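Each of the next two complexes has chain A plus one more chain, namely chain B in the first and chain C in the second.
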Partner chain A sequence: MIAIENLTFGYGKDTPLLSNISAELHEGRIYGLLGVNGSGKTTLLKLMSGMLFPGQGRITADGLDTAARDTATLEKIFYMQAEFKFGRQSMEKFIALHRAFYPGFSDEILGDCLEESGINPKTGDLGILSTGEKRKFLFSIALACGAEYLLMDEPMNGMDIPSRSLFRKLLLKHLGDDRTALISTHIPADLENILSDILILDGKGGMLAKSSEEISDSWSFGYAGSDEGALYSEPCAGGYRTIRKRRENEAGAIDLEMFFNAAIKGKLL
Partner chain B sequence: MTDFRQDKAIYLQMAERICDEIISGKYSPGERIPSVRELSVYLGVNANTAVRAYENLSLQGIIQTRRGLGFFVTEDAKDRILQARRLRFMDDTLPELFRQMQMLDIPVETLAEKWDEWKQNSKTSNGKA
Partner chain C sequence: MINFSFRRMAGFCRLQLCSTYFNSPRKTVPALVFLIVFITGLSFLADEGNLDGMMTVTEDLMLVLISFVILDLYRDLTSENNAINRMLVPASPAEKYAALYAGTAITSAVIIFSAAVLGSAIYTAAGHFLYPGQSDSIQLLFFRTGGWGWNDVLTACMLTSGITWFVPFARRNMGRKAWKICAAAILYMAVLFLPGILKAAGAVSAEIARTATICILAILIVLNVRWGYAMLKNFEFDRKGND
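Let's look at the complex of A and B:
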């Protein structure tokens, strides 16, 4: 488990970017990290991976501070950054480096991911790959490395439409019950059905954390001819997209985009 | 607010999908259905959601688990599905139909005529096919 306990962090003396946030990330679950631009998504991922240090509070992976950067902790975490450069190096060398660092590295999973992604494992220079291919390659390494905690910062950026569904398929196939994924995104519809939990940075330093079950138990998402009685609504061609307190007997599907918009406007109370 | 419409929760959609496949004969009584992981990957849906779908079907007696072997269609799954769907028709579909009939001032006799007409038509089209 990764535990974020009363974390506060800011750059410089300004108002903290993250203010007293807490959450737990459990095994076998897939977390979506949402937030408007500049709300601290990348900062939070860097704090979790031990690249930045908390101002106050702490983040632990299986009880150990990630900020301590022990090898035993680092080999449990794979952080896929949103921006990265490979420089001039061969794929084989890059793979060998990761195989050496991560004890649970699986060549079988890597082979499956690269084959499904249509990436040649003999690529001599990683620099020639396109943006989408680079991300698919790094995502394959993430799944294959065996790290318990996969932290991915907008991993689907630059991926074409078929690759987006392949991303979901490979993640569900290879993540397993004993690992945890945290994925930041600006396009919730990409991940809607694969997420078990949602984390929303509200842009004012706070974070809302809810499981999909809690969301569908508490709120109903749907369409109506009027916005009367809705906690939050947006006009659409046929009337209104609305969120209301759940009254229906049967659970409904979650509209993550609406949930996000309502959350950052403080309309879910 | 009476016109509020929502899509069914994903786990319920998945359960309905399995039910459709049992009705259509894709899965026979006693046959194994896909594992949670297989279904989750195939449909691109979180494994926890697939677990919820299978729990729902187990509670309804439509599937049963055999330890270490997986999930299997029960002997009377088809009857149970049809019975549950009849109940839902009576509880949800009919009241909605009646509400519309009242609002649009359509007498029940018209419905009976349309019903006879529809049966006649489906008989002839079945005969041709």
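Let's look at the complex of A and C:
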């Protein structure tokens, strides 16, 4: 479990970007990290991976402080950055140089991911891959390395529509019950139907953490001719998209985008 | 307790070197040849008609090149751009720190031996054609009489280890705290050159100044290594901007 305990962090002496937030990330779950630009999504991921140190509070992975960057902690966490470079290196060499550091590295998972992604494992120069292909390759490494916690910062940027579907498919296929994924995105629709939990950074330092079950149990999402009685609504063709308090025996899919918009405007409190 | 595995350290050193200098020998070898020829050629600018003097200049310039190696490996270690961030590769800070020195030592050995062969060939040719009579035999750079001694090796160690703490220290204090960088540099140099200053003032003899300088160098190397390790352990990525 990754535990975020009373975390406060800020750049410089201004108002903290993240203020006294706490959360727990449990095994076998997929977390979506949402937030407006500059709300601290990347910062939170960097703090969790050990690239940044908390101003106050702490973050632990299975009880180990991530800021210490010990071998045992680093073996548990794989952080896929939003921006990265491969350099001019063959795929085989890249894998050979890194795999020794991950005791749980799986050739089967890597082979499956590369095959499904249509990436040639004999690629001679990673630098010539397209942005989407680079991301698919690094995502394959993330799944294959055996790290228990996968932290991914906008991993689907630059991927085409079939690749986004494939991303979801491979994630569900290879994540397993003992591993956790935290994925930040600006496009909630990319992750709809695969998230078990949602973390929303409100841009004012706070964070809302809800499981999909909690959201389904508390709110209902739908369309209506009027927005009367709705906690939150957005006009659409022919009426309104609404969020209301859920009534008994009422079921329906979660509209992640609506939920996010309502959350950052403080309409769900 | 420091978590250290020689195997992981060697693996990390291999990762860094194979991703940087030894990634493409077809590019690295010509670049190395060019640098050696360039540095040797540069030494000819200090031409005072004395081959020995020029060779000393070449050896000193090679020392600068070696300092750039550790600087470059440190930059690679702390770069945010690598697909798998080096600082997040599962190896302890101690292993990464040792790998930095091991990588520098290996690359330096390649540079020194290449320069010894190629540079010496240039000097032998120059001695034959430009300075006849000055060099009757082949003199290997670094290994010649009057080449690198223990003080030069200590100086190389002091420079390379100094970079591991001075670079992150300067990075951390860039901007409004720039005075700290200047103060640290001045203080450091004052300590280093204190025996020389005392000798110039006639307070101590040349022998005492030399011994004291070697002792100060050794102490500074130990301190550099300790400070560098502490800096690496506490290294944080850019805290200045929220992306």
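Points to keep in mind about this one:
Convention: the second predicted complex is superposed on the first by the 268 of 269 C-alpha atoms of A that agree within 3 Å, B and C clash if a C-alpha of one lies under 4 Å from a C-alpha of the other, contacts with A are read in each partner's own complex, and residues count from 1 in each chain.
Just so we're on the same page, a residue touches a chain if its C-beta (ideal position, glycine included) is under 8 Å from a C-beta of that chain, and two chains touch if they have at least 3 such contacts.
Every value quoted in this text rests on a predicted model; they were computed, and no experiment measured them.
In this superposed model built on chain A, chain B and chain C occupy separate space and fit side by side.
After superposing the two complexes on chain A, the angle subtended at the C-alpha centre of chain A by the centres of chain B and chain C comes to 160 degrees, rounded to the nearest 10. When both complexes are overlaid on chain A, the residue A:F84 reaches chain C alone and has no touch with chain B. In the superposition on chain A, A:I161 makes contact with neither chain B nor chain C. Shared-chain residue A:G38: touches chain C; no touch with chain B.
Look at A:A237: by the touch rule set out above, it reaches neither chain B nor chain C. Shared-chain residue A:E228: touches chain B; no touch with chain C. With chain A fitted onto itself, chain B and chain C come no nearer than 27 Å, counting C-alpha atoms only.
Those residues of chain C that touch chain A in the shared complex are 3, 5, 8, 11-12, 14-15, 18-19, 23-24, 80-85, 87-93, 95, 233-234, 236-237, 239-243.
If you check the complex, the residues on chain B that touch chain A are 1, 3-13, 37, 40-41, 43-49.
Put simply, chain A touches chain C in their complex at residues 11-12, 17, 38, 40, 42-43, 46, 49-53, 69-71, 74-75, 77-79, 81, 83-89, 93-94, 97-98, 100-102, 126, 134, 138, 141.
Within the complex formed with chain B, the residues of chain A that make contact are 28-30, 165, 168-169, 172-173, 177, 193-196, 212, 216, 220-226, 228-229, 239, 242, 244, 248, 250-254.
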